[in-house]
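The two complexes that follow have subunit A in common; it is paired with subunit B in the first and with subunit C in the second.
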Partner chain A sequence: MSVLAEVVTVLLNGLQQGAIYVLVAIGLSIILGTLKFVNFAHGALYLIGTYAGLLITLEINVTDGKLADWGYATIGLGWGFLAALIIVPIIVFGVGLLMERFVARPFYDRPDTDQILLTFGLAIVIQEVFKILFGGQSYNFARPGWASGQVGLPIIGTFPEWRLYIIGITAAVVVLVYGLIEYTDFGLVVRAGTRDAEMVELLGIKLSRPYLMVFGVGAALAGVAGVVGGPLYAVNPNIGTEVLVPSFLVVVIGGVGSIAGAVLGGILIGETLAVLVAVAPQWSQVGIYVLAAVVLLARPQGLLGSEEVAP
Partner chain B sequence: MSDEPTETPEATDETGSAVERTQRELPSWERIRRSELFVVATTTVAVAVFPWLFARAPVVSGVLQGYQDLATLILIWGIFAMGFNLLLGYTGLLSFGHAAFWGGAAYAAGVFSAQVSSSPILIILAGTSFAALSAWILGFVSLRRGGIYFAILTLAFGQMAYYMALAPLSGITGGENGFTGVELGKLFGVFDLRYPVPALDWLVGTWKYVLVGAVAVLCVAAANRILHSPYGMVFRAIRENDQRAEFVGLNVWRYKLMAFIISGTFAGVAGSLFTIYSAYVPVSSFYWTTSGEVVIMAVLGGVGSLFGPILGAGVYLYVENIVSGVQQLTLPFTGPGEWVTLVQEPVVVLDGFGAYWHLILGLVFVAVVVLFPRGIWGLLEDVGSAVRRLGGGR
Partner chain C sequence: MARREKSDVSRRDVVKMAGASGIAGLAGVTGSASAQEYPPIGNFPIQGEAATFGFTVPQSGPYSSEGQDELRAYKLAVEHLNSGGGWVDSWDGLSGNGVLDKEIDFVSGDTATDADQARQTARRMIQRDQAIMLSGGSSSAVAIAIQELCQREKVQYQCCLTHSNETTGKNCVRYSFREMFNAYMTAQALVPPVTKEYGNDQQFYQLYADYTWGKTVESSVQKFFSEAGWSQINSVATPLGTKDFSSYLSQVPRQETDVLFLDHYGLDGANSLSQAISMGLDNDMEIIVPLYNRPMAQAAAGAIEGVFGTVAWDSQIDNKPSNDFTQAFQDKYARIPSGPAQLAYAQTLQYAAAVERAGTFYPPEVIKQLEGYEYDNFGMGPELMRKCDHQALRAVPVVKGLPEDQQQQGQYFEIVNLTPRDQIGYACDEGPAARCDLGSYE
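Right, the complex of A and B next:
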């Protein structure tokens, strides 16, 4: 393999790794930026997404799942995954709504530290519930049949097809969310609420419903990330916390409340990881924290964060 | 801290009842209770009696089913939680990266013991200095952003320490296997830490516990002194309103950094003691669950009080070590018991109880955050003042 091909492969791997972080981090970032609520249980939402996705793909498949029982064994492999990709975000959206109403809302007026402690405790509880329900062992989340192969690309030859799908799905979701926030009335209210919530309320717009929706959308994004990222790692109750810390770094590096910042931060972290894995694997995990430290020392508000919005 | 003058003692210490009774007749109880000498003396008595009550006393230990080593461990984590609380409870900064100081000190102590000197006192000093230094560096970076960002950044840099120990520095730290080469010499060159204390072994057990207990008392004294000094007052002012403190002319950032360093130093003392306690440093001592555990301990016990976090550490470790091994949750005093038994057949409330301990602890933690922000200690204080009001006092 030529040097160019290797470089491109590494960069693509980084993009794919960053994509998962982007999906989780956008949810974190808009909840943090809009509601000023820090959600340490966001990783738990990712966890719920992964397990829900795993269950759905196991149940709805053609070899031994529900579809086979119902006699639809001829419609092709891996449709359960598509079903999961649609159903899981809806489920996690619902979980997000419940969380906003019953967990976040009573704590908006409490100190930041109380919010962190509450969501941290909640994350432990959710993780333990999953451990009790499904055991502590790791499950294998198979890639969908229609994307399990290798795909031929011009410079690098072959590349796992599923990784390209991850990048594609992420890009589509990001564009969707960006459109929602930037070009709809809903987004306008949300952005105005971020700047000056009191003024928006004085203008006669109740913010409680937009806030509810923001939390739901953020949660749904974590759910999507859970389904999409599920096949990449072994599925066990600890994945939620494992994905949480890098995602928080993405938010901090990119700048809170900025979707573009989350994308930039996610790609930066993903690429840093991938490049270091290729060059100096020992330092790969340390590298992302060094990157975060450097960014913070240079620009405390994050790369694309603005001084005034950030508290 | 209650402002009302009280005639009778509060439930300050679970073991200090004898002391309280003798002090009750004295005129200005409140002043005595707050005096440094009293705090240190009560702590010393409590620390000395604790392992006996916990592991060997009749009836009490039968109910608690504790053991000597757990008493030592509770004190060590108590120091850690107390130092953590100096930051959270008194300056309002929530750190999720204290594992970096605990683990850093543990490794520094271990490496120091293998390479330089195996004297326990020097080991503690080495580990603590290392922790203080790393707290200075991490605090400098993390405190660039306040509030929630501080929590996230400390979490991130704590994880960075974990991955440093895991891979790039594995030549020193032993990587995944942890550091196994801990050498422990004799205390002052005379007392072997593993041996029981002559004549007093029924009370305090081994020299190891004496060392840990002495350091714990010193730490309580130091924390008490800091909190009641003008410096500690500034910490509280920052917690109440850091903007106002800034306007008064205080350099809030420097005070916060100092609070972080002090808190990291306490974590370092505890981490070094942990190396002495276990003669081994697992790499998981750096993992962020360690930071999470100390957060849970401090909040569970009660932030903003000197002894609350120590109580929290005790409850947490007790549940972790004793309760998690319980197969069935039975009603108390039913079933075959060593001391008190009401019914011979156990009344089972929950089967397979031990497996749920983490979940139950999590639920209790959430309940404490939502309902009792001052933790178990605050609850005890409230109950104490309610009882006093019932008793006719104010």
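Right, the complex of A and C next:
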């Protein structure tokens, strides 16, 4: 493999790995930036998205857990991947609304530590519920047939088709969310509320509804990440926790509340991982934390974060 | 911490000495021969009517589904020991009426596949529950941690699933026995069928899990395949718990590599194999996963098609002991047992049979019964539990993954070869055994 081909492969790998973190991190970031709510249960939304996607896309055999004990040896709708890509965000959006109303809202005025304890506990509860229902076993989330092969690319030869789709879907979703926040009346209210909530309410605009929507949209994004990321890795109840920490790093690096920051942070983390694996594999896991530490030291509000909106 | 451990042990010893001397004083009345003949050690003599076994299995964490299957098998073994059934009916020396007239009781605890938690669980079983024997799996780091504790506490440990060379190599102990083969034997067993299929002059590349188990697999594969005429291009360590292997896999030189070894286990193995297939590496090279297990095959699904590996045991092995066990397990749980489940069941019965032969639960005597013991009841043909390192010399099943449409509940592989024990293994002064020093009986 030529040096150029190797460099391009590493960059594409990094872009794809970063894409999942971008999707999860945007939700985290807008919820944290707008509502000042630290949501450690965001990974659990990813978990719900992945299992929901799995069950809508395929029919799976369950051998462990309560569902198997209750006689549900095979469950799932088998409607295919596109159905999952449309339905799952709606489901997780609904879960997000419930979470905002009954979990987050009573805690908006409480200290960060209370919010962290609450949502961390909730994440564990959700994870354990999945473990009880589906057992601790891992499931194979097969890639959709139309994207399971290789695609020929100039310079590098071939690349797994599904990983290219992930980059594409992420880009489309990011543009959509960016448009929603920057160019709609809803987005205007949200942005104004982020700057000065008291003034917006004095002008007669009730913020509780836009806030509810922000939470729902953030949750739906985690759901999308769960569906598109599901086929990359074996599915088990721990995946939510595993995706949460790198996603928080993305928020820290990119800057709280900034969509562009989340994209930049995600790409940086993905590329750091990919490049380090290629040159110094033993440092690959440490590298992303070093990156976060350096950014925090040099620019505490994150690369594209502004100081006013930092919590 | 150290002080507390010490005081716990001595307090227990004092109680036991008092109990033993009390019983000795009543000799003739109680008729307790073992208490008269043997001094107290570990949790011997057993207080009360029941002997307690302690089962240390992962009940949380990524291996919890394996742990659940092991626990099912352990419960089945205890049930058969107390009431007959399964192998107990055909095993000379096991009565189906307890062991040495003692009913068998058990406690189970979670290791969470974490050495520290496993050690705490095991210590609780030894000190609070007075377990006379511990057994469990399924991680080499966990097995090594528990067996070290068992050697100190003088309580016997029957390894379940642990595959590192070091369990019966440099970390071996007198109080632990391993039925499972190791990485060294896996590599030996793989060479004949793999070189027959792929040829004698191949170039291979390895990715391996960066801890004790992965390192011993990597070194064993390199040793035996190099001796068979293959040459290694490179081997790269991947951190334990890596989810996305795509960056590692894209480093594999497609033109030069004929065979790729993925020395990963469990979830890591399922992910690395699936990702290798999705990147199309199987179009350019053959892939081998040295150690398979069922949850891993389940998670990797169609990706295991045609991929060589070894398994602890498989329900398709067609002989009386294997079939009897599969039948008993299915009757009880309506499911096909996994390899680790068979190990768990067999290890419990091996221990019970050794106690019966010894005529006492006194650990040094039970250990001597197992050392050098030849048997043929395990479903793997004739076996020897070697005295020098407590490693079983046994056949190793080499398997190939089935295509997804042929996979059924509990059946994911076809057996290519049950490599007989005389084609694998090593002498007591070579290989991992050369570094083994078992320690004392008492």
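Keep in mind that, in the parts below, the second predicted complex is superposed on the first by the 290 of 311 C-alpha atoms of A that agree within 3 Å, B and C clash if a C-alpha of one lies under 4 Å from a C-alpha of the other, contacts with A are read in each partner's own complex, and residues count from 1 in each chain.
FYI, a residue touches a chain if its C-beta (ideal position, glycine included) is under 8 Å from a C-beta of that chain, and two chains touch if they have at least 3 such contacts.
What you see is a predicted model; the values in this text were computed from it and never measured.
After overlaying the two complexes on the shared chain, residue contacts for A:118 are found with subunit B alone; subunit C is out of touch. Look at A:272: by the touch rule set out above, it reaches neither subunit B nor subunit C. In the superposed model, A:282 lies in contact with both subunit B and subunit C.
Applying the stated contact rule after C-alpha superposition, one finds that A:252 touches subunit B and leaves subunit C untouched. Contact with subunit B, but none with subunit C, is seen for A:293 once the two complexes are overlaid on the shared chain. Overlap of the subunit B and subunit C interfaces on subunit A: residues 131, 281-282, 285. Those residues of subunit A lying in contact with subunit C across their complex are 1, 9-10, 13-14, 16-17, 61, 63-64, 73, 131, 135-140, 142-143, 148-150, 158, 160, 162-163, 232-236, 238, 242, 273-274, 277-278, 281-282, 284-285. Within the complex formed with subunit B, the residues of subunit A that make contact are 32, 38, 106, 111-118, 120-122, 124-125, 128-129, 131-132, 241, 245, 248-249, 251-252, 281-283, 285-286, 289-290, 292-293, 296-297, 300, 311.
Those residues of subunit B lying in contact with subunit A across their complex are 88, 92, 94, 141, 144-149, 151-153, 155-157, 159-160, 163-164, 166-168, 170, 288, 292, 295-296, 299, 355-356, 358-359, 361-363, 365-366, 369-370, 373. Per the touch definition, subunit C reaches subunit A in the complex via residues 60-65, 67-68, 210, 236-239, 243-244, 246-248, 250-251, 253-255, 267, 270-271, 274-275, 278-280, 295-296, 298-303, 335, 409-410.
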